[in-house]
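Some structures to go through are shown next.
Two complexes are shown next, each including chain A; its partner changes from chain B in the first to chain C in the second.
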Partner chain A sequence: MTRMPVTILFRLAWRNLWRNYRRTLIMLGAITVGVWAMIFMTALMRGMVDDMVKTAVRSLPGHVQIHHPRFRDDPSIANSLPPPGEVLVDALSSDQVVGWAARVRVPAVVTSERDTRGTTLVGIDPEAESGLSFIADDMIEGRFLQSFEDDGLVVGRKMLDNLETKLGRRVVVMSQDAENEIIDRGFRVVGVFESKLETTEERFIFTGRKTVQSMLNMNEDVSEIAVVGSSYRDVSNLLRLQQVLGPEQELLPWYELDIYLGSMLTMMDGFVLIWIIVIFLALSFGLVNTLVMAVFERVREIGLMQALGMRPAMILLQILLETLLLLLVGLAAGNLLAILTLAALSDGIDLSIVSEAMQMMGVANVLYPSLQIGDIVLADVIVIVLGLIAGLFPAWRAARYQPVQALTTV
Partner chain B sequence: MSTVCCIDLCRFFVQGEQTVRALDHVNLEIDKREFVCLSGPSGSGKTTLLNAIGGLDKPTSGEVWVAGQRIDGLDKADLANMRLHHIGFVFQAYNLIPVLTARENVEFVMQVQGVTASERRDRSMALLKEVGLEDMEERRPAQLSGGQQQRVAVARAIVSNPAMVLADEPTANLDSVSAEHLMGLFVNLNEKHQTTFIISTHDQRVMSYARRLIGMVDGRIVTDEIR
Partner chain C sequence: MITNVTLSLAWRNLWRHPRRTWLTVGAMVFSNILLVFLISLQFGMYRVMYENSLRLFTGHLQVQAVGYIDEPRMRLTIPDAAGLAARLRDAMPGNDVAARGLAFALASSADRSYGVQIVGVQPEHEPRVSSLPGLVKRGRFLDNAGMQEAVIGSVLARNLRVDLGHELTLFGTGRDGSFAAGIVHIVGILDSGSAEIDRSFVQISLADFQDIFAMQGHGHSVVLMTSDLFNLKAATAKVEAIIESGESVVHDWNALLPGLKQSVQADMVSAWFMYAVLIVLVAFSVLNTQLMSVLDRTREFGVVMALGLSPARLGRLVLLETAMMAGLGLLLGVAVGSGVVLYFYHYGLTFPGLEAMTAQFNLPGRLYPSASFASLMLGPTVVFLACLAAAIYPAAKLLRMEPVAAMRAV
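Showing the complex of A and B:
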């Protein structure tokens, strides 16, 4: 059995590609634009979802969270945790952990002189929250909390509107203590924050952690410990914290804490795949047509090569190599164009013209495309695999020619 | 052992309700180093016989033996392999691969055979010199005249020392000077390399070179003359 003469097959494939250079350039243009669209649009969608997830993760959950196993079903004082012990603090000091914060979080009712609203009272340590959650960065009026003993109250802009009160006025916060007794306490509103989502402005009010612990007689206990690592995409290192936790402590990643958000990321991956395949299907018609034409124009030549001793498998391989080279050149150009476009847009795309719609989606007005190597590889692999499958038909057709018929084709 | 042996060879084509007998019980034996011309009018079966001998077409019945191997039952891949190692082809036209240079065209068969690059180059350059095209090795077919293209095809046909060369109307598209030159080349190569040549033609000038002239009419051999 004769070996596959790969060199001559490559040479023939490459030179045949440029025989009808106009047709090849048109097809390359289509592949380039198609690949650019795949990568560019995927980067935009990734950027949007990235922003949504980062915003959501900054809205308190962190990348992973430790809490009592029953806390999610019943977020009461009864389901609190003891303060982090020495072993846990050591584990939280590892390089994998960028920051962590222990909080108290209880359902509460806040009453102003004009209105009453249900909310969640969150006791925080402002120093620990720095870089971990959104609050300090989103203050629009007044001041942020200064220590975990601060007894001022920071509320959202929407909540302030709902309560029809103002910065500097006093409100009463009511909740239940460890003995299920109703406890209330007056707070002065010292700061107002604004969030991308109005629901967040209504959902949380903040004060010092120690203040809430004292108010609810819960000693040093906390409701949750939020932990942030280097990336929300890979929390596997943070999940190893489970090893130092006791049986009454549960560790959950953000995508299980917020199932909607977690499923959105999975959905996004599926959407990217569908998007890439749809673009490719549009491309494939042109690709198959180009290859069929290229084969059709060379029937006699294929017959000649068969007569000279090229086996059908070699003919098939040669057409597939031609397809592969066409795809590789198109992919290289498409990838380069996409990378350059995204580099030019690295400062973000201003979408303030549709700011309300963006806010509804929990996304900022400036969209930062997120280019991921995995998405480029996925687009390239799909184009190559499906492209070769599309090339199989003309290649198979060429390999099936009978030499005597091919040689006499006009 | 003969180079080619056809036993009771038939090739019928069905056209509508009519059966065309392109080869009608042909028996033929051609020995090594023979220089044979198949002559006859159009439709006499010359090309069909060459195609059957070259494994390009399957006979309806009968046997074809090439270099001691029966080829009429081989599959496409085995036939391609047989052609690669035993037969050189020169066709009437469209003989060369247009995207390859003259030297690459000559090297083509050797490259498919897996011959090393240096050996390919040496042999192809020697053959191009022999056919008088040593200065045109880097030219593509479109940059060569019809006669020059046929000479490249001849160089390609014999470069890997096949048992025989099959030439189907090789001078049909050539002027008389180029045709004379090509036939002189065939004769020279036949004598020098001792390669069997089987040429189909209805050109009297070509027939004058033949040492064995086989006449065909309606798919049958009607004359077989040794000169």
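Showing the complex of A and C:
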């Protein structure tokens, strides 16, 4: 009996596991709770960051953005771009690009009969923007801009309140043209938009691109070209646009446009890993304990098996198999529990009790957990690999018993 | 009753399986160290977060016109703001008080214009209620009222292409809705490190502000810094007695900056969710160990019960064993944890990406845990109680034990 078929080893391991069912059940309970917490918490965190990035990307930057190299530091009209040339338009019509829009974006002051506010005047082409930025979907009053020549003004609800004005009223927008002259122009408020974040409602006002271009004597120039791909997670395809750009054009991905968000995403990856390992370590004490007890109870039995010719390697293998089975059952239960709880919460978790804090962090009031296969795999692989490593110690001890001594142990 | 015999019995029972006991204690120590460290870090972070956020601009209390907090409108003012500030200063020694005016305006240099918020401050009092004046890196802060001087943020200075000594023209709307314009020259450049502040900061003296914006002595807020930001009841009552109520109200920082407290609360909730998972895992470990140790001793317990020992006393013995084990875990955990906290208390904690994230919450790039009795003991105490709770089930098993059946158990 020097070589045992694996099936017998498996059956032995499985039966051994249930000899002391209470202990196994408690350990399974611990693994289940641990794995559930790993996956559940990770999904919540991911959901939060997802929402932050999506909201931020929708409120204008795009997944990648082309602008004048000096525009970010000095967002003035002097640092504009010529309109996209043929080569660029060609490149932008590739499959990788879901949408793109050229915009004019200038600092401005808007004045009603009652009050004055600083803001950013954005000249857009409404057709290109649909699906790209947020405004078109979130109109609450009036109409959205109809073409890039539209001379109506669309403002945020909060901005309208601040200015104490109404839909249909006129406001004056002041900005600066390419010759540094202050230009002002009257606009009629034709639409009001709402945003999940109040700051967005104050930060931008919109009109047709051509309207701004002619108001500020900037010909066909634009301030930025925002490009959106299929997912914010992987923008490497979009970054290839760099090849067709001239020297006066800079291409930046969203995580460099908003360093806070970018670092948030990297930190989240680190945090997920640390969280999973910490939970595992807390589990590992119980795991090793359970296995040590299981081996300790069976010293005589192990001695007998060795005396009958079972090789130490087989004993080691058997204890490791027991560990593996225990982990697999616990993982299955933990994964299932996590998936079920997350499915139950898929309508979102209402966080409106702390809504102001959510606004401060740039997150909406409803948190949608985001379960990612990669995170589940990461948690499961870490638990199995580290769990087997933890099981090595008791298994190795069991394999080293001297048959005669083990047999005579009480 | 717990006698010396019970004590030494419990202690000896623990060491019948030293490995099992150490593994269980190990799980406790591991969690305790983590909890001690994380809770201390949290406490330290929150304190700095509160202090820095409020010290920046908001202050502890503000007197404003009714309704200004929801809709900060130019015409919602408090009459004789400087006079009110002086009266509050006299009536409440030990508190710092300063009056302010706030307006939006277009700031124009020779070749650039930006819409910004202009803050009128009292040069001699503002540095006591706000940390911003201390961040002037070049030039100086305002020193005398009515000198047409301004201090602006470094990014704004770069965007406006101005430097010390240059002039800025301000255009806006006055309190009465009239056109407001004024010229100021730059005497200081502020560099706070936060792009948001450096991009929008403009302060002039309150006297100039009142002049330019036709305020007729009015202001928009009077800011108070008290000695204790968590105990504002007395101060609020005192201020309320002094201001002419009806037109003006007092708001505390929680009303002025609602996101702050909620951020802390949201952070607490997510942190305690993580702690709870750790604690539950430790409790599982204890449950497992104690259940095994009771089952191991079934025959022994049967014998002592047959000899007349009451089941309740045996149950207490098991609880006492657990308490000893948990006490050991607590002592070691707090000892090592305090060491870790002390280390970081001196050297601070930082990791890549932290600075970009903490800047969002007005925190420095290096975090220091706070070391107080509460921050060190809170987590381990909860772990201790959870361990005792986990031992209730094994202890309760004893109450239902029949001596004869127990003695015959295998």
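Keep in mind that, in the parts below, the second predicted complex is superposed on the first by the 355 of 410 C-alpha atoms of A that agree within 3 Å, B and C clash if a C-alpha of one lies under 4 Å from a C-alpha of the other, contacts with A are read in each partner's own complex, and residues count from 1 in each chain.
Operating definition for what follows: a contact is a pair of C-beta atoms (placed from the backbone, for glycine too) under 8 Å apart; a residue touches a chain by one contact, two chains touch by 3 or more.
Treat the numbers as computed from the prediction; the structure is a model and nothing was measured.
> After lining up the shared chain so the two structures overlap, which partner does A:304 touch, if you call chain B first and chain C second: first, second, both or neither?
First partner only, chain B.
> After the superposition on A, what does A:285 contact: first (chain B), second (chain C), both or neither?
Touch status of A:285: second partner only.
> May I ask you to decide whether A:404 touches chain B, chain C, both, or neither, giving the answer as first, second, both or neither?
In the superposition, A:404 contacts chain B only.
> Does chain B (first) or chain C (second) touch A:168, or do both, or does neither?
Neither partner.
> Go through the superposed model and pick first if A:85 touches only chain B, second if only chain C, both, or neither.
A:85 contacts neither chain B nor chain C.
> Of the partners chain B and chain C, which touch A:246 in the superposed model: first, second, both, neither?
neither
> Check whether A:131 is in contact with chain B, with chain C, with both or with neither, and answer first, second, both or neither.
In the superposition, A:131 contacts neither chain B nor chain C.
> Which of the residues in chain A come into contact with chain B in the complex?
1-3, 5, 7-8, 11-12, 15-16, 19, 300-301, 304-314, 402-404, 407
> Considering only the defined contacts, which chain A positions touch chain C in the complex?
20, 22-23, 26-27, 29-30, 33-34, 37, 41, 44, 73-76, 107-111, 113-119, 161-162, 164, 174-176, 180, 182, 259-260, 262-264, 266-267, 270, 275, 278-279, 281-283, 285-286, 288-290, 292-293, 296, 351, 353-361
> Name, in rising order, each residue of chain C that touches chain A in their complex.
17, 19-20, 23-24, 26-27, 30-31, 34, 71-75, 103-106, 108, 110-117, 158-159, 171-173, 177, 200, 258-266, 270, 273-274, 277-278, 280-282, 284-285, 287-289, 291-292, 295, 353-354, 356-357, 359-360
> Quick check: in the complex, which residue numbers of chain B touch chain A?
Residues in contact with chain A: 51, 54, 56-57, 76-77, 80-81, 83-85, 89, 91, 94-95, 97-100, 104, 108-109, 111-114, 156.
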